[in-house]
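Inspection log for the structure reproduced underneath, given as C-alpha cells.
Labels run A, B and C following the written order; every chain starts at residue 1.
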Amino acid sequence: MKKLAPIAVALSLTGPAAFAQEADPALARAAPALAAYDRKTLEGGLWQREGLSPRDRSVISVAALIAGGKTELQRKEFARALDNGVTSGELSGIITHLAFYAGWNHGIAAAQVAADLYEERGIAPDSLPGPDVELLPLNEEVEAARETSVQETYGATAQGVVDFTRNPMFLDLWQRPDLTPRDRSLVTVTSLVTNGQGVQVPFHLNRAMDNGLTQAEASEALTQLAFYANWPNVFGVIPVFQEVFASRGQ
Amino acid sequence: MKKLAPIAVALSLTGPAAFAQEADPALARAAPALAAYDRKTLEGGLWQREGLSPRDRSVISVAALIAGGKTELQRKEFARALDNGVTSGELSGIITHLAFYAGWNHGIAAAQVAADLYEERGIAPDSLPGPDVELLPLNEEVEAARETSVQETYGATAQGVVDFTRNPMFLDLWQRPDLTPRDRSLVTVTSLVTNGQGVQVPFHLNRAMDNGLTQAEASEALTQLAFYANWPNVFGVIPVFQEVFASRGQ
Amino acid sequence: MKKLAPIAVALSLTGPAAFAQEADPALARAAPALAAYDRKTLEGGLWQREGLSPRDRSVISVAALIAGGKTELQRKEFARALDNGVTSGELSGIITHLAFYAGWNHGIAAAQVAADLYEERGIAPDSLPGPDVELLPLNEEVEAARETSVQETYGATAQGVVDFTRNPMFLDLWQRPDLTPRDRSLVTVTSLVTNGQGVQVPFHLNRAMDNGLTQAEASEALTQLAFYANWPNVFGVIPVFQEVFASRGQ
C-alpha cells in the first residue's frame, strides 16, 4: 500500500513568521518522521490555517507550554510569539497569570526562558508592566456574586484559599491591564485544558466569549491545543466546549 | 481606577527564613509584576501566615514540587526546608516516599537537586537514614484489612501491583522511621492533590488526621498548595477535604 | 521491631541488561534508602519478573517517561531499551507517536535525549524510518466507523481536531510500519495511563489486545507503570482494565 496523500497544505516558505522557524536539529537526527510532521503538519499545516490569527495561535501555544511546565519548546515559541505580534508586556502578563493558575514553579521556569530572550532582544525590564499599574475598572456586581458563591461553597473548608482568590487574584491580577480580558480568559482556558481541569472550563470560557472570543476562535483554539497541550485532554474537553456553545445559543 | 490596596501583610525583613530567600533574578527581568507578587503575596503573605508552622509549610512545598516533577524551585525550597527545621533525613525520606507515589523519575530528579545541596552544606550520605533501619511497629489489624480490601478489589486484574503495594510499600516504606506517620500521610496527600488524584485523598487525609494533623492545619495546607501545586487542583479537592472533615464530626 | 524481610528476588549480577544499569550516584548521596529500593525493588525486583519480556518492559518504560515529559530517566531507559532489543527505529517511532498523543513538546524533549544517545552509538539518521515509508494496509471498514463516530460526536464543536485526527493521525501515523499495531496501541495505553486519561483507555487497550497483547501482559504492564508512571494513576485505571478484560470474556 502506498503512502497516503499528505493533508493539503500550502508549503510556502513565504508564509508567516511561524513557518520560518527552524526545526529542532535533534528531531532530524532522532526521529526523521517526526521532523517531517513538524514541517508539514505543524508548521505547514496547523500554523497556516484560517480561523485564528497567528498572534492568537501564539498566545495559546505559549500559554499551553507555560501551563504544562514544558520548557523545551518555550524558547522557540516565545520568540515566535513576539514575531507574531504578542508584545513583551503581554508575554510577561501571561507568565504572571499562569504562576497563579498553573503553579508558581511554572511561572518561575517560564520567566527564566523569557529573561534570556528579552536580554537578547534588548527588551528592558522597565519597559514591562510592573506591579503599580492602573487597574481595569471592576464590575463590582459580578465580583460580589463570584465572591459570595466561592465563600459559601469553600469558605468553611479553606478560608485561606478563598481569601487569596479574592485578593490578589480577582481584585488585582484579573484587573491588570497587561492582558485584555478576552486574552486573560483565553489564557486561563488554555491552562485548564492543558492540565486536564475541564470542570472549571465553562466559567472561564464563558468569560472569554463574553469579552469577544468568537465560537469559531474557541473551536480553532482546540485544534492548536491538540498539538501544544495534548490530544486526549482536548478530546476530553470538547464536550465541555459543546455545552458552553449550546448554552449561549450559538 | 487606582490600584487596589494589597492584602494586609506584615512585610518584615526580620521574618522567618522563608522571607529571607532571594527572589529569582529572572523574575525581575522578565515579569516584574510576578516578582512583586513573589515578594508580597508569596513571601510576605503566604509564608507569614498563622495556621501552619514554617516547618510544615516547607514539608508541603517540597513535597508538591517533588510530586509534580517541578525542578526549577526545588533548590530554593529544599534549602528553605532545611532552614525551617526539616531535617536532611526527613527531606531524604520525602524524596524516597514520593518516588513510589509520584513516579520513580520524580524521586531521581529530586535526589539530583538534593545531592548538590547536601554536598554544599556538608551533609554526609552516611548521616542519612539508609535501607536498614528499625521499622515503626505495624498495626497488623489495620494492615490486614487494607491488604484484604486491595487484594479483593484489584488482585484479579493486577496482582503485581497488589504485591508491590504490600511489600515494600506498606510493610516497609510506610513503616520507615525517617518520617513520622503524620508527615508521611501529609506528604502523600500533598502528592495526590498536586497530581489531581483526589479520589485517593480521603484514605490518606484520614490517616494524617488520625496521626495528629489538625483540621486547621489541613485547611491551611490547601492554601500552601494553591501556590505550590496549582489553584484549580486545590479548588477541585476542597469538596473532598470538606467531606472528610464532616465525616470526622469536626 | 526488626526490618521485615525484603521481597524475594534473585539479586543476580548476571541478570538481564536491565540490572546491569548503574544507579544514579545522586541517589546514594541524597537518598540512600531510595538507592537501595532502586537496586532491590526496581532493578532486582520489577525488571526480573516474569510475565512481560524485558523488551516489552522497556517499550512501556520509555513510553511512560516520554508521555510524562520526565526527562531525567530517559537517557538511562532509552539505552536500556536498545540493549533489551527495542530497535532504534522503534524508539524513534515511539517518540513520533507520543508527540501526537502526549503533546509536541514531549516529542521534542525526547528527541533531544535520543539524538545524543544515537550519536554516541553511531546510529545514523538515515538508518531510521523517515516520512516516506510503505504504510500498513488500512482496514477501511474499521477506519470508516471510527471516522463517522468521531465526526458525529465532535465535528460540530471542533472540526479542526477531527480533521487532524483523521489525517495524519489515523490515515498516516497509525499505519506507519515503524511500530507493530500491538506495540503502537500499547504505547498509546501507556501514555493514557501515565497522564491520568483513563476514559480513553478501553478503545486502545482493546486494539492492543486485538493485535496480540495478552491479558497477562496487560496486567503486568500495570506493574511496570506503577513505577514508571505513578502508583495512584495505576490504581485509578485498574478498574478500567478490569472492565475491558471482562468484556472480552477473558
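Keep in mind that, in the parts below, contacts are C-beta pairs under 8 Å (C-beta built on N, C-alpha and C of every residue); 3 or more make two chains touch, one makes a residue touch a chain.
This structure is a prediction, so every number in the text was calculated from the model and none was measured.
Common neighbours of chain A and chain C under the contact rule above are B. At the interface between chain A and chain B, two copies of one sequence, fewer than half of the residue numbers in use are shared by both copies. Look at where the CA atoms of chain A average out and do the same for chain B: the two points lie 28 Å apart.
Counting partner chains per residue, chain C shows two or more touched chains at residues 69, 196.
The touching residues of chain B, when paired with chain C in their complex, are 69, 92-93, 95-96, 99-112, 114-115, 118-119, 125-126, 128-138, 153-154, 156-161, 163-165, 167-169, 171-173, 175-176, 178, 191-192, 195-197, 199-200.
Listed in rising order, the residues of chain B touching chain A in the complex are 1-4, 6-7, 24-38, 40-42, 45-46, 49, 51, 65, 68-70, 72-73, 196, 219-220, 222-223, 226-236, 238-239, 241-242, 245.
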